[in-house]
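Structures incoming, each one as structure tokens.
After this come two complexes, each holding chain A, first together with chain B and then together with chain C.
Take a look at the complex of A and B:
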């Protein structure tokens, strides 16, 4: 047998089948035409809302100068959950611009840790330090200061509630002289994600 | 049959491939949609700027490079021979001609904070022919070594880095741009290949070997803590006595008196190069010493010390009535670390002079009295703790 080639039997066959199919469809319309009646119902589906905001406490915009190896800085921030849908989880993404060895050195560079107080932190300073009159829990164990979608733990996540967080940024005591006289600017983004879907 | 089968297979291959590609894309889209689907909300904090100190806190130890011995009541200069351009020169152990590939090494001290950039680094070398009949000039070329690595070569036997004329000491300062940080200057090794051009080869007298330069915050001079002479082909090493606890010591010239006298002392001068504006948090002297011989008849060799800001007295540590330390041993070193709290800023640190007043207590000399002895010093080092905001 000869192989199929353009302009050979296969295209012609396809075209023929298309013509036959169209004719059959038109004939079918005529064949099944009759009286009909219908009824209808409708419902409205509205999505909920989800809102994560910071404040009134938010000291994360306060930087620090003259930091030496072994130094740390504490800054408080409140996270407020609102909306008609509960949160399922929250993550932290941090970035640095301008960047330096302080944020690119994952071992000896800046590290961040977050803990939570069950009530508002009591602030003193500056330099700011915080004490908790309630109970504390770890939200984020010490990690390199720049990270993407880092999971946070022990948050309330309930709409209408507030988590009181203390962010501690540390330059490890192992930081060497190459980290002298450097500057990094860190931006923190907390992301709250809705709870898992349920039957409604 | 074979050609047709191959052709059909080829024709089907393209739709199959496109199907695979589209299917994969669709699957990825579905998965991605599932992953990222859902409501989310963001809250932000910052920007938060964090700036570190210009110089981190830390200890920087410097040995006394300038030592004056006034045990006799008159100062004699016992300064490190390579630290200054003066009349104190050190000859190579062997007469040395061009092309021998024999060298002298200078290892520099480590008294500067690490991690600082360096500008205008220079190796200063002062030399002259040992002179004599048919003597010529003294010439040299050198290598700069950081760790075990040669980071720069300056000159050669064919093109000297510098020469002096005859026996006239001449300082040749050569830029060593390959040295870019204090991490390299600290412990830097300069290997000098000297030679004498006379028709009858002579020794080379070396007067000075230092590295100078600037950090962003101060100028500095790095002094040698050890030199090795390989001009004979059998290297001999001579550490500077004050730099480390080792077998190299300094014995003062004259027995110490039976009571402290302010005209009889060992005087130590240091050059720590502390940047102006630094916060000096602590300074301490480490003095490692013993008597030149066991002190007999219940006596002991004692000392107290006085610190100066240049010529201005800052404080005394101990006194005739209350020595800083004493020992009767002629063999066992006493290691004293003495806080110098009065040295509390960069100016005082950079101008620090220490006088050690020794005496034999309660007296010495004469029948039945303790023997009069000298002091043997193994290390005289000051540690400066400071930082720069």
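Take a look at the complex of A and C:
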């Protein structure tokens, strides 16, 4: 057996092994300090979708000029409902930019009303007018042209269906001379709201 | 220095022996320390029914039977929910919420949801499931041979926005007892 040749190497080697052994012992004790047991369950979670689109009929982009007090204009638009969640309601928000007395005068300014036809409206014109070969119902009674989150009634709101709407904008006969030669651009935003929360 | 050499050699042998003992203990099925009984956790039906077409304001309830197999008592049971911490559905502000309740009897299902006809307790108050931190569960029996009948209620807050539409994720509920 080859003798140790260094008086300093052996103690260092033994000290290193002692440290390693102590560390292993501590690690071993730590491993047994706490017993655990685990189990798990899982499932997939998916959210639904809502989709409200317009078309193919959409005449709302067609403007009107030379409107006089007592005049009205009609424009048709189709609303389509899709998605995996049912709709609970729909609202209309309108804004004006540029704005004028036509939309800021809530009494004598422009008013909007919306009707629904159970089938597609029959269009004639321009100027556009519409007749319904099915049954009609009121979606929005006449109200000032600018409004926020105005509730709409009598809509189908069923995924896969379409509501055929006729928007009628009227300048009341009471409109005075102050509303002559004005112009407003109205933006119509229809918003579908999901059904109430349910339990699965 | 024969005496010093012997001492050092003996020390070396002891260190190696203790290390081998620890290694053997790692490999052994039997613990090194005195036996203490702890039950093993198990879930009877770990594949929960999927939750589909969830909308803000909705809730989905699933029952889980958490069994304690063996003897003894667990001092602590925690839940970690994996799979939701990095997705929008797990967002703390408007993401999924979880509540867990326990019933001493089986949960009975009706059209309005689940009902408890025994002693009822809340195991985990409503929390955002996207948290990476484990949730400590309270009011469990956690005793060998027993079963805790749990009701998991997932909900999507009303303030959840359109960005959460059409998303899906897999949630893993990991129960750990100690």
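The definition used in the following text is that the second predicted complex is superposed on the first by the 166 of 200 C-alpha atoms of A that agree within 3 Å, B and C clash if a C-alpha of one lies under 4 Å from a C-alpha of the other, contacts with A are read in each partner's own complex, and residues count from 1 in each chain.
One rule holds for everything that comes next: contacts are C-beta pairs under 8 Å (C-beta built on N, C-alpha and C of every residue); 3 or more make two chains touch, one makes a residue touch a chain.
Since the model is a prediction, treat every value here as computed from it, not as a measurement.
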- Task: Please indicate which partner A:37 is in contact with in the superposed arrangement: first for chain B, second for chain C, both, or neither.
- Result: second
- Message: If we overlay the two complexes on their shared chain A, which of chain B and chain C does A:50 touch? Say first, second, both or neither.
- Response: both
- Classify the contacts of A:110 with the two partner chains as first (chain B alone), second (chain C alone), both, or neither. first
- Task: In the three-chain superposition, say which chain, chain B or chain C, touches more residues of chain A.
- Result: B
- Message: For A:84, using the defined touch cut-off, is the partner it touches chain B, chain C, both, or neither? Pick first, second, both or neither.
- Response: second
- Message: With both complexes overlaid on chain A, does A:188 touch chain B (first), chain C (second), both or neither?
- Response: first
- Quick one: classify A:200 as touching chain B (first), chain C (second), both or neither. second
- Task: Could you tell me which stretches of chain A are touched by chain B in one complex and by chain C in the other?
- Result: 4, 47-50, 85, 194, 197
- Note which residues of chain B are touching chain A in the complex, please. 3-4, 7-8, 11, 38-58, 113-116, 183, 387, 389
- Message: Under the definition above, what is the set of chain A residues touching chain B in their complex?
- Response: 1-4, 47-54, 58, 60-69, 73, 75, 77, 79-80, 83, 85, 97, 102, 110, 167, 169, 171, 175-194, 197
- chain A contacts chain C in the complex at 4, 10-11, 14, 17-18, 20-21, 24-25, 27-29, 31-32, 34-50, 84-85, 194-200
- In the complex formed with chain A, which residues of chain C make contact? 5, 8, 11-12, 15-16, 18-19, 22-23, 25-26, 31-33, 36, 38-43, 45-62, 64, 66, 74, 83, 89, 96, 112-113, 154, 156, 158, 164-178
